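For reference, the structure is listed below as structure tokens.
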């Protein structure tokens, strides 16, 4: 019997805190257990040290490296050509694999994701004033904000959407202050999009009586007064597919799009603090999106 | 935007909230620097205070106890740091840099080992908001300065007490003497090292309270790795900028807090200035102010020098 | 003809011999490193990892093979350069806490020739290195000029300018330097002509590593073997003395800061040209302060800085191995970097208090 | 005389670097005596005082207070045992006021007694000292700072008062006042120990003496019955001719340096200079006498080319070699080795290079020769200047200035703090330089030594030249009054005489 293949996960922050990495790591671990891989992970891997980390893992004989952030894309594209025997997989967003035979990506359709958030916020807001708070103004975040605005306008063109950035993905205190300010300006629904710093936004909503959502996994228990619903990434499914494809040796030069239709993610139910009508309205839109009846790029 | 009273009050209040953790730490730094101890490890002390307060909150469930425990954590960490910088005469800069690195790792490890991932629940109102009777009802200032965390009132009281202590008390005289000329203080028969240890631990108390405030009051009890994110270094700059005068420390910190709050206003107003440039603004303003001040009063002459009895200078 | 040639060779050999003679103080440094490794391993043990395995993985990760060694050297390089920059300034009497900012500006500078002229072939690399050094140098000269002009204390100025440089770089990669249609906060990638060549295939060992060692040797020669270096050290330690000798302490401050910033700028430039191949937000993550600590740990001696920064390089690649193979939390890396700094500072302090300073030149 | 109040009992001190500074030294101090402690530079005088005061701990032997063994591990212990000390390098907090500096040392009852400025004045008056309690120390001239240093030692009712070289920085008239104060203190039953290099001062003021040489006691006795020559021989181990004229009277050659109507605005604690005319000629020694703080600093800065006159004209030669007053900050770079300190100026003049780099071998060889010639006692030329005794440090500064071969050499307090032998050597080298044709300007507050080497002496008082004496006219009786007689407050541009 051969030794089980080694796989490794790469995380920007830590697998013990926040929402994105914690939930992602859970998916990664479950996959490794299910497939019987010999798994390890690296956390706090800055984009600076990513090429070194990737090279080290690959030359150590790690057979598959899963990078849990779109920021690793450049590093993978740089390192992958030198290590044809290692499969590199990215989870989050990727536009192109550059034809690399050992690079695959599970790419979330963040446009659709944003659109749905806009729809649900605009549907739930009583004041017609919602706010989106991002971490740093990276292109993907800006793009998501655009689609949140589209989603809100889809429900009600008169809705005001304010946007702001914390300037950090981890500064809870700043995030909370910004959120508090936005609520004071009249926003009654806050969309957090700042990773670890989301906690501050959710706290502000909780304390000031506004609504918000949980990110990537069900967070209603943490902020019971404020969380209307949570986006729930289906990491189990995505990572499960990655593991299976690796074992089946079908990985390489492919991009799998994760969206509502692929069950890549969903919203937790039932919605809290709002009428059932809101929930029904949002899921009606979701169904239309799944069915491809809404053109996001019009 | 309409510059009505409410907006201005909210803006001032945000400035206060944003500056509070840094102001507390800067008050501590001012004291240790007055005594000749350069506490570069302030960032690490704040982190230890923050993690201790989070642990305290998890254990006791009481935000007030959390603040106390955080303060104690900062003091304990400062004691260890001062064993190096004061008693062992380690180079204060090097020690501080090493301590900050260690603190990032150690506090993260503590979080992983002790704190669960679940964010704390329960109300933190007792420490986040305390309306002062009568004063809180004043227009504008009531909302800005008298509907704040009790920690803010405490900070103001501490600043005034420190001012009086440094200016009028024997303790203040001795403290300043140790920073200006440790050898002379020693020759006067006063215990230089214990005084410096005391000052350094007091810095830990303030930095610990600052870190605890950041975690409990400003971040709702959530400890995040490296959550100080440079605030300790900023506090050092504020202490020096304010020429180690406690009341001035509060004012300088408040102005920086306002500048930070102004960034948010800018964002809300959709001012087309990139976020990073807005974030740099307080530092640019501080730099310009520093240049304008120019040759400011001299630093304590023995700042940063380990005390060696009988040293040839 | 051969006479002066042999003379120069002899002088050069003598210089190299003196550069390599390990000072006594190195023993203390090594003791601190060993001590911190022992404590680090004990911590790892507390986390439930067998010590033997951890030690093996760490050693192999730092020095196990060519790839490990080259990783160690690549991690060493920016720390060494920042330390060299810092020590030149401090020796010259300026307390330069601005290594972080000078590194950022150097990184920005390294991108400028490509952004201005595009892929112009072999000239690109030298231009990029030069531009990085100049940008770092200009950034560091500002505090020196402000000190002379306004008497503005350099500790605050350099500290504040760090923050400004960091946000400026962030701004550039989020805006002006971001290629259209990009999904990331980074600049465009440099063409291969514009990057530091790799020295060994399959490793990350780039030419910058060698250049950094050359700079270290150069700084040592400058400080110990040139009149300029002598004047710089004298003016840093005793400004009144050089003034009475008819020299300008102000000019010394400006030139030491300019040199310091240029070397700090090289640190950033080499990271861009040899490791990242592009400008990335947050690429330095505290290198400036680590480099400053390296400078002090080395007693402000360039050759000491090589040894100390090598240790930090090794720690970084070793902890990377520990993480990737044993899933040890990254927090341990920070602890392992912090510990030797603390231990060394304490040992030196205790010796100083006993009247036997490890380094006589440290102020 | 009764029993000694304190006894250093077979005390030895080895410094951490292995240097044995004191070896088996026994000294008794009695109540009601002024005890002079003598010895050449580096003999161990300060070390002994510091051991009494708890700054250093002895490595052998111990202290007996009234016959009982005591340990002074820190100055606090010594103060508690009734010891006060005036340090060679003042232990004053410069940004503090006089009253604050006194309050800092005051313990218990003394503290309560010094609460108000009026109380402080009363306290000072007890010792015949009059100072503004609110004055900031850093703004006071050295002599007044010293008064505060003395007062500090008296705040706590000291039974033992230690003074380390208190007279070094004082003008002769001030030395008299100092001993007046010390006698008052002695007469109250206090034991007073004074370190000094000046044998005449000892003979005039002390009751007993002890001489240290290279860390050992070489003699002790009553002043009554001691004479100057014997004391000097005891101190340096050989006889030294002191007090006599060094070299012949010279007459100057062509003018080399001219000050014409030079004025400098008054500054902090200094009168500046008013309308000074001075012509310095080749091959003469010109002494500049005056009480410290009467414009000497400005004059030296003018000669050093560090300052331009606010009014008037100065013609400087191409180079002026300098021996500044502050050897630790201006004369030397303490961390540089002896060799580089000696040859700094020459190295900066592009000498001692090989292939563009410093030729360390050549620098070392040249330095060895200079060390030999100037009798500098150092372990090697590579030793940092910091590790040398004050006398030897001063010899480095002087040797460098001499080696520059400049037409003019300006020296400022060149023998301050030096022992008899070292001071003699310095004066002799200056005289030799003048004999070779160099112009020597010597600014000093020590009139005796000025008279011994100068060919003429100008007197600075309140920033003006109040007179000039030469040849046989150079006697204290003539110079003293010129130095101390009150002059009208210096107004800028007002010509004198």
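Chains: A, B, C and D, in written order; residue numbering restarts at 1 for each.
The rule we apply is simple: a contact is a pair of C-beta atoms (placed from the backbone, for glycine too) under 8 Å apart; a residue touches a chain by one contact, two chains touch by 3 or more.
The UniProt protein names, listed by chain, are B, C = ABC transporter permease; D = ABC transporter ATP-binding protein.
Worth saying up front: this structure is predicted, and the values here are computed from it rather than measured.
Chemist: Count the touching C-beta pairs: is B-D or B-C ahead?
Modeler: Counting C-beta pairs in contact for B-D and B-C gives the edge to B-C.
Chemist: Please tell me the distance, in whole Å, between the geometric centres of chain B (ABC transporter permease) and chain D computed from their C-alpha atoms.
Modeler: Computed value for the inter-centroid distance: 46 Å.
Chemist: So the centre of each chain is just the mean of its C-alpha atoms; given that, what is the distance between chain A and chain D in Å?
Modeler: 76
Chemist: What whole-Å value do you get for the distance between chain B (ABC transporter permease) and chain C (ABC transporter permease) if each is reduced to the mean of its CA atoms?
Modeler: 30
Chemist: Chain A to chain B (ABC transporter permease): how many Å between their CA centres?
Modeler: Spacing between the chain centres: roughly 35 Å.
Chemist: Could you list which residues of chain D touch at least two other chains?
Modeler: None at all.
Chemist: What positions in chain C (ABC transporter permease) touch 2 or more of the other chains?
Modeler: 170, 174, 329-330, 333 - these are the residues of chain C (ABC transporter permease) that touch more than one other chain.
Chemist: Which positions in chain B (ABC transporter permease) touch two or more other chains at once?
Modeler: Within chain B (ABC transporter permease), the residues that touch at least two other chains are 108, 112, 225, 274-276, 279.
Chemist: On the basis of the stated criterion, which chains touch which? Give every pair.
Modeler: Every pair of chains in contact is listed here: A-B, A-C, B-C, B-D, C-D.
Chemist: Which part of chain A faces chain B (ABC transporter permease) closely enough to touch in the complex?
Modeler: Where chain A meets chain B (ABC transporter permease), its residues are 13-14, 16-18, 22, 44, 136-137, 162-165, 167-168, 170-174, 176-178, 180-182, 184-185, 196-197, 199-200, 203, 207, 221-224.
Chemist: Would you mind writing out the residues of chain B (ABC transporter permease) in touch with chain D in their complex?
Modeler: Per the touch definition, chain B (ABC transporter permease) meets chain D at residues 170, 173-174, 176-177, 180-181, 183-191, 298, 301, 309-310, 312-313.
Chemist: Please name which positions on chain B (ABC transporter permease) make contact with chain C (ABC transporter permease) in the complex.
Modeler: Residues of chain B (ABC transporter permease) touching chain C (ABC transporter permease): 84-85, 88-91, 93-95, 97-106, 108-109, 112, 225, 230, 233-234, 236-237, 240-241, 274-277, 279-280, 283-284, 286-287, 290-291, 293-296, 299, 306, 308.
Chemist: In their complex, what parts of chain C (ABC transporter permease) are in touch with chain A?
Modeler: Residues of chain C (ABC transporter permease) touching chain A: 61, 67, 71, 74-75, 170, 174, 178, 182-186, 189, 202, 204, 271, 275-278, 280-285, 316-317, 320-321, 323-327, 329-330, 333.
Chemist: Show me the residue ranges of chain D that touch chain C (ABC transporter permease) in the complex, using the header's touch definition.
Modeler: Touch residues, chain D against chain C (ABC transporter permease): 15-17, 304-306, 322, 324, 326, 329-336, 340, 344-345, 347-348, 350, 353-358, 360, 384.
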